[in-house]
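Before any comments, here is the structure.
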Amino acid sequence: MSIQEKCGVFGVFNHPQAADLTYYGLHALQHRGQESAGIVTSTGEKFHHHRGMGLVTQVFTREILDSLTGDMAIGHVRYSTSGESLLQNAQPLVFRYREGNLAIAHNGNLVNAELERKLLHDQGGIFQTTTDTEVIAHLLARSSRERFEDAASEVLTRIQGAFALLIMTEKKLLIALDRHGLRPLTIGKLNDSYVVASETCALAAVDAKVWREVEPGEWLVIDEQGMQTGRFAPRNKLSLCSFEFVYFARPDSVIHGKSVLATRKDLGRNLAKEHAVEADVVIGVPDSSVPAALGYAEESGVPYEMGLVKNSYVGRSFIEPTQDLRELAVRLKLSAVEDVLKGKRVVLVDDSIIRGTTSRRIVKLIRQAGAREVHVRISSPKVRNPCFYGIDMPTKEELFANKWDEEDAMGHAIGADTLAFLSEQGLLDAVGVDLDEIPNRCIACFGGAYPTHTFLT
Amino acid sequence: MSIQEKCGVFGVFNHPQAADLTYYGLHALQHRGQESAGIVTSTGEKFHHHRGMGLVTQVFTREILDSLTGDMAIGHVRYSTSGESLLQNAQPLVFRYREGNLAIAHNGNLVNAELERKLLHDQGGIFQTTTDTEVIAHLLARSSRERFEDAASEVLTRIQGAFALLIMTEKKLLIALDRHGLRPLTIGKLNDSYVVASETCALAAVDAKVWREVEPGEWLVIDEQGMQTGRFAPRNKLSLCSFEFVYFARPDSVIHGKSVLATRKDLGRNLAKEHAVEADVVIGVPDSSVPAALGYAEESGVPYEMGLVKNSYVGRSFIEPTQDLRELAVRLKLSAVEDVLKGKRVVLVDDSIIRGTTSRRIVKLIRQAGAREVHVRISSPKVRNPCFYGIDMPTKEELFANKWDEEDAMGHAIGADTLAFLSEQGLLDAVGVDLDEIPNRCIACFGGAYPTHTFLT
Amino acid sequence: MSIQEKCGVFGVFNHPQAADLTYYGLHALQHRGQESAGIVTSTGEKFHHHRGMGLVTQVFTREILDSLTGDMAIGHVRYSTSGESLLQNAQPLVFRYREGNLAIAHNGNLVNAELERKLLHDQGGIFQTTTDTEVIAHLLARSSRERFEDAASEVLTRIQGAFALLIMTEKKLLIALDRHGLRPLTIGKLNDSYVVASETCALAAVDAKVWREVEPGEWLVIDEQGMQTGRFAPRNKLSLCSFEFVYFARPDSVIHGKSVLATRKDLGRNLAKEHAVEADVVIGVPDSSVPAALGYAEESGVPYEMGLVKNSYVGRSFIEPTQDLRELAVRLKLSAVEDVLKGKRVVLVDDSIIRGTTSRRIVKLIRQAGAREVHVRISSPKVRNPCFYGIDMPTKEELFANKWDEEDAMGHAIGADTLAFLSEQGLLDAVGVDLDEIPNRCIACFGGAYPTHTFLT
Amino acid sequence: MSIQEKCGVFGVFNHPQAADLTYYGLHALQHRGQESAGIVTSTGEKFHHHRGMGLVTQVFTREILDSLTGDMAIGHVRYSTSGESLLQNAQPLVFRYREGNLAIAHNGNLVNAELERKLLHDQGGIFQTTTDTEVIAHLLARSSRERFEDAASEVLTRIQGAFALLIMTEKKLLIALDRHGLRPLTIGKLNDSYVVASETCALAAVDAKVWREVEPGEWLVIDEQGMQTGRFAPRNKLSLCSFEFVYFARPDSVIHGKSVLATRKDLGRNLAKEHAVEADVVIGVPDSSVPAALGYAEESGVPYEMGLVKNSYVGRSFIEPTQDLRELAVRLKLSAVEDVLKGKRVVLVDDSIIRGTTSRRIVKLIRQAGAREVHVRISSPKVRNPCFYGIDMPTKEELFANKWDEEDAMGHAIGADTLAFLSEQGLLDAVGVDLDEIPNRCIACFGGAYPTHTFLT
């Protein structure tokens, strides 16, 4: 799929190699953002920081890591399409305010950022970035509360939307999650150190043990005196972004006690229950849709095969084909295995359809490899609405599911014999957790309500 | 596994975008070599070329590709550990000789290169690289035969060992394969153009149709007059490197009519037949061992699961952990999925064991994720001998299989409950083709005879 | 000498190639700062900008210049030794404030920046740089005055110290000079365009004619309606930094109607009048001291010779000799011409002595070339005080002239037979202009009063 | 002037920091070539080398220098306009031949290279570069003489043209100069080490003392046993390129006992004697023509002034003005000082005129600065013939002096009031040495005979 999560965050408290751990943690979160990467460390007295465009491995060298001394650190990887001076927007952002230094790493999107920015402008505020994150820094610096914890709590109450947030001063590390829990954020322990990350896969990468997830509306501050915790909002209905399970998160991560891999297989199983079809083989679009394909295969009894192979070297600097060779665009990234597909009735499992362009190309590729029938099965519902919480989507009109009324027409549009989407119930059965409140996931983009809608008016 | 194939080659004749096609072809062959990449084009009158260290996407820019005009091209990707001035050894090599320009791209290793080099030195020859390939250029330039085809034929008769070879002059493209067919080399057609590549996946990438494989001992020359073909050696016993099927080739490639993916599944099936074990789950080391794991699962009835997840962003510039964090080395590249492994009896399928270091670390990782038993199954026989044909292996003493007499001791060494290897027969049943001669694959490194042994004495 | 001017500024209003002109203007000002360079353009609607570390020619490419569209631009070159994240401090700084975009390029140093910064912090201001320039932006954004001109005027009244300032909004270009005129700033005309630069050499580089210098305490705003001008401070005693004439400015520049080259020759002439000595040859330290040496030679009648040759390729990336070869440090940058010096009584003219280290090395070099006597003559007085207006100097204790009481001891310290400095009167006679007020130059670093001293208390 | 010398060479024998010394030596020779730079070191057993495009300071880092271990080294800086794959032609070239490694650094141009290359091609030789230097390596490797010294001597006899040559094997350093002594080459001593360089300024840079110049037709070999020397050609008439004195060499160098600076002043003095004119001021084109201008001023009694200032930051990556700003081309590199020129009768001294384009632009610049008269005086004769010894010149038709018959027409062409060139006798009186044979300088490009003409037939 072509939609893109924005950002992963990672933090370390009390480890002599804080920068190294953050490097490895960000590396494990690289799938959440490849545009820029940054690390800020604190020695307790001063900050060191480095940010750059590109992958974690491109931005940092051994020499740079060695210069990032200190036993506290926060880091960030970012995906974004915005603006001309991208480096400026790379995080963590670093500011000086009345109390000293401040570094912020933020995953998510505020829904009241524009409003707050306007208010700040009216009071003479100046901005160097176009990020929501700078708004948070301004609010923090302007708070009338003296204690950092109080000021932070005040600001957290004020900002609306999605945020998994790390804020570091010379001596303190603050961790906070928005009241809906729209983004994942988990704290781990590594001997005497605390580690915090967008996903548990990053905790595992540095051999930290999961301690607990941050709760919606909760803040924690760690410093030499220990850990304090509090709430800036009442315990709210949990509304984690469903797409974390469908597509964003790494399969080896665990969110709310649910294995992402197992959940994806369940999505595939539910999909098979809802939309069975006579077929010879089940294949998935690598890498993200393979677990759902495995689940579909298990449930349906149709064998799973590796019908598509991905070229693992496609990256940022790949030169896209010019006009004359445009037809190669998909082939250079995905390859269809003729031996698996020739003469077969194929179930193609993909995790979502956003614009439909890629789906059409993949179906064509599979047919060229000799498939007799292609039945496309999508392991999530139709995406019909934009996201206001940090997911970069096309406009409502550009969304594939809004262009046709019926699935037949949609299937025809991508060249498939049949096309079917998982139902919202099928999604929630797989990604939900057993709580009183239903739903406890954000499914706004599929057609559900926006969890923050009351704040938007 | 840690052994490394050396090189992939790609060539184009008669296409207005020869350089672009070669770029995409080399990109599809990137798994065969990540050290350097190069492209030489010919306009019919003159050459243009560019080579550099790193991945294809790092070496070439749109601007550079545009400067590589001409409708004929050869390209090369290389893996190597040799020497201090690596760029010099990057291929294709370009020379000027009495008839004009000469470019050579070579996959493989000559066994008589040192001898020939000495003879050339005695005659006053000077060398700028340490590659076998430069020897070929010298011999070609010194041939007393006037026609390029005759000179080439003479040289091909003289050189011994493994070579899939592309030689280009201003007007001609020569394609040749050693008499044992140790390396794969396939010709495709794309409308009026010829395309040649180490693997069919590269032909598919540029949408060319497979025409035919080059035969052992055969040469072809394509120029404006058309195609000539001849033999420099009698039709020999086919001895393609078994490791192409086991590990090197991309799963979507087809060699000698055999799907690499299907063959790997067969290796897994044969492995299950030979070495069954009571277990709850079968997992494979991604990406190369997944097909064999799927085959093992199908044959054994034990379900396949994605128990290991690979970090797809590990590359050349990754900063390895320093001493204090050494323990993280495997975790940063591979992640074990606890949900899949906890409390389970696990069959871990890997394609080979060379030194054993990585295997031991992976077994440990799986145990840390809670596996109750770990049964390692290797989808190839024990590697006991060095390769003289271009595969970079440790010394005989360093080879894991030479350090212990029994599989029990080996299993213990890597921390597995049991360890078993596929038999040579099990290998040949999967990778071989139906010919009179048996074996028709090179299995020298496992314990078989060297196909070229008579030439070594 | 080793002290370093901070920064040059350049601006263009109403020229279709504003970015190109700024590139060339900054290039002509490169001697004023080699650490970083930046250009911001305005199309009237939006900004484009690019900044980077290094020389103008390293920071910009044709492609980047082409992306900087718009017919208004400001640019900046910077020298600085500060901080770890240097790129952040590179100018022009760009901000968004309530009225839109704001870009600032600043040459000089505020004396009340720390105080203002503290006040801003107390009001919740956050800072991303450690520059004085960001303080100016904050003050501007917080002004209660609505019109840009009024707000700017208010801020200019408030800031104290040295500033030659360019501020650009989408539609307006503001030019301002501190009330003491500590830094040079001249406006030129190029057909229908206005051009402004730190030195006239940059106006000449783009073939603009000098229109007039900006007066101390004056501001000008140029927009589509034309030019407005006003004063934020009464016409003050002029106090241009003497070092502009002694060392900083390029010899082809003209400041306050005085040719820098001619003034330097006058400094040399006055030096000869004050400190004559029997000698065979006069030489200067290239390039900056050659004019003074020529003046000394003319006045004294002792012939000028090129006794020292400079290696023009020494730059940022030059690898300084390691311990074992430390002695080469001067030789690699300067070369003594034996033919000129052997057996001669030499007058060595240099423009100033800050720490004395380099002087000692140069004297040694000249002796090694065979000079019989070396008489060092400095074309400025003894530097005894720090500068608060933007010149990066060592501490008072480190200043050469503060280490000895007498010139004999000083001369001995650098290995010279005699050493003499120009008197303050000799300096002022050369660099001063004919005004009622005397002095009309800042000579604070030599021992005079600080022009802003009343503001510091 | 716009013609360009090709190359500088530097070598070290027996110094623990051979690579560092070579770096500094090449840096001092940077004016002889800015296209590429390279260093090869020998440990006695093996070579290390590094070459790259650009300035010495761009090609080498501390890390690279540290990797170039060994106490013997040769280095090279190169200027060239040839070819598409420039890096390949960068020197020193390194080869492997029957006896081991071979590195060659060469300043000059062979006149029989094409012939020898053809002969080598006919014998099956292959070439990787288009340099004459590779021809030398081939001949050396093919020599039937066993001892390195004998083989080298044989080859040196065979090659014709200009060569100042350093050849290094693992254990030996060979130094040789063509039989006409067309290029300078001087050996120095630094304690127990030998140092050799194209110019003495490079010896001075590393604090080595001049020992002696290499004689035309002489070779020297230094190894652990000491130094051998011999002749490959009889003591020939000395024919050093006159342009070394006129323009190429650094003013602080000494060639054949003559100071380059003093010689240039003599050229200016002779020019004043031959072509006096009523004037107010003498100026020179910086930097190369300043000494001649000083000489002209001394002889004529007209005062010397710095009427032109050079922008010292113009380098390779400077972005030339586009069409619309083309007029700025000279202004960006040179600046005229109005204070010096306004209303004056100016003598402008330049060292040579090749195409005339730059001269015309400079005269215009001087007139725009207000000069009343401009009298151009050239401190060398009219350049009328091409150079076959390594100087890159335009074709005969493009040479300025071949386009007009009379100096009046020439002067008019560049916009000067008068134009005059130094006579050949005036040149030889300054640059020649006192030997029986006259001329003892190569003045072929001015109209004299080619020293090697007998070898060309």
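When the chains are written out, they are named A, B, C and D in that same order, and each has its own residue count from 1.
FYI, contacts are C-beta pairs under 8 Å (C-beta built on N, C-alpha and C of every residue); 3 or more make two chains touch, one makes a residue touch a chain.
Everything numeric in this text was worked out from a predicted model, so none of it was measured.
Relative to subunit C, the chain whose mean Cα position lies farthest away is B. Distance between subunit A and subunit D, defined via averaged C-alpha coordinates, is recorded as 61 Å.
Averaged C-alpha coordinates give centres for subunit A and subunit B that are 36 Å from one another. Between subunit A and subunit C, the centres computed from C-alpha atoms are 49 Å apart. Working note: touching chain pairs come out as A-B, A-C, B-D, C-D. By the touch criterion given at the top, residues 16-17, 20-21, 23-24, 27-28, 30-31, 55-58, 60-62, 65, 201, 204-207, 250-252, 254, 259, 261-262, 287, 290-291, 294, 298, 303-306, 309, 311-315, 317-319, 321-322, 324-325, 327-328, 331-332, 335-340 of subunit C touch subunit D in their complex. Contacts from subunit C toward subunit A in the complex involve residues 48-50, 67, 84-85, 87, 93-98, 102, 118, 121-128, 130, 137-138, 141-143.
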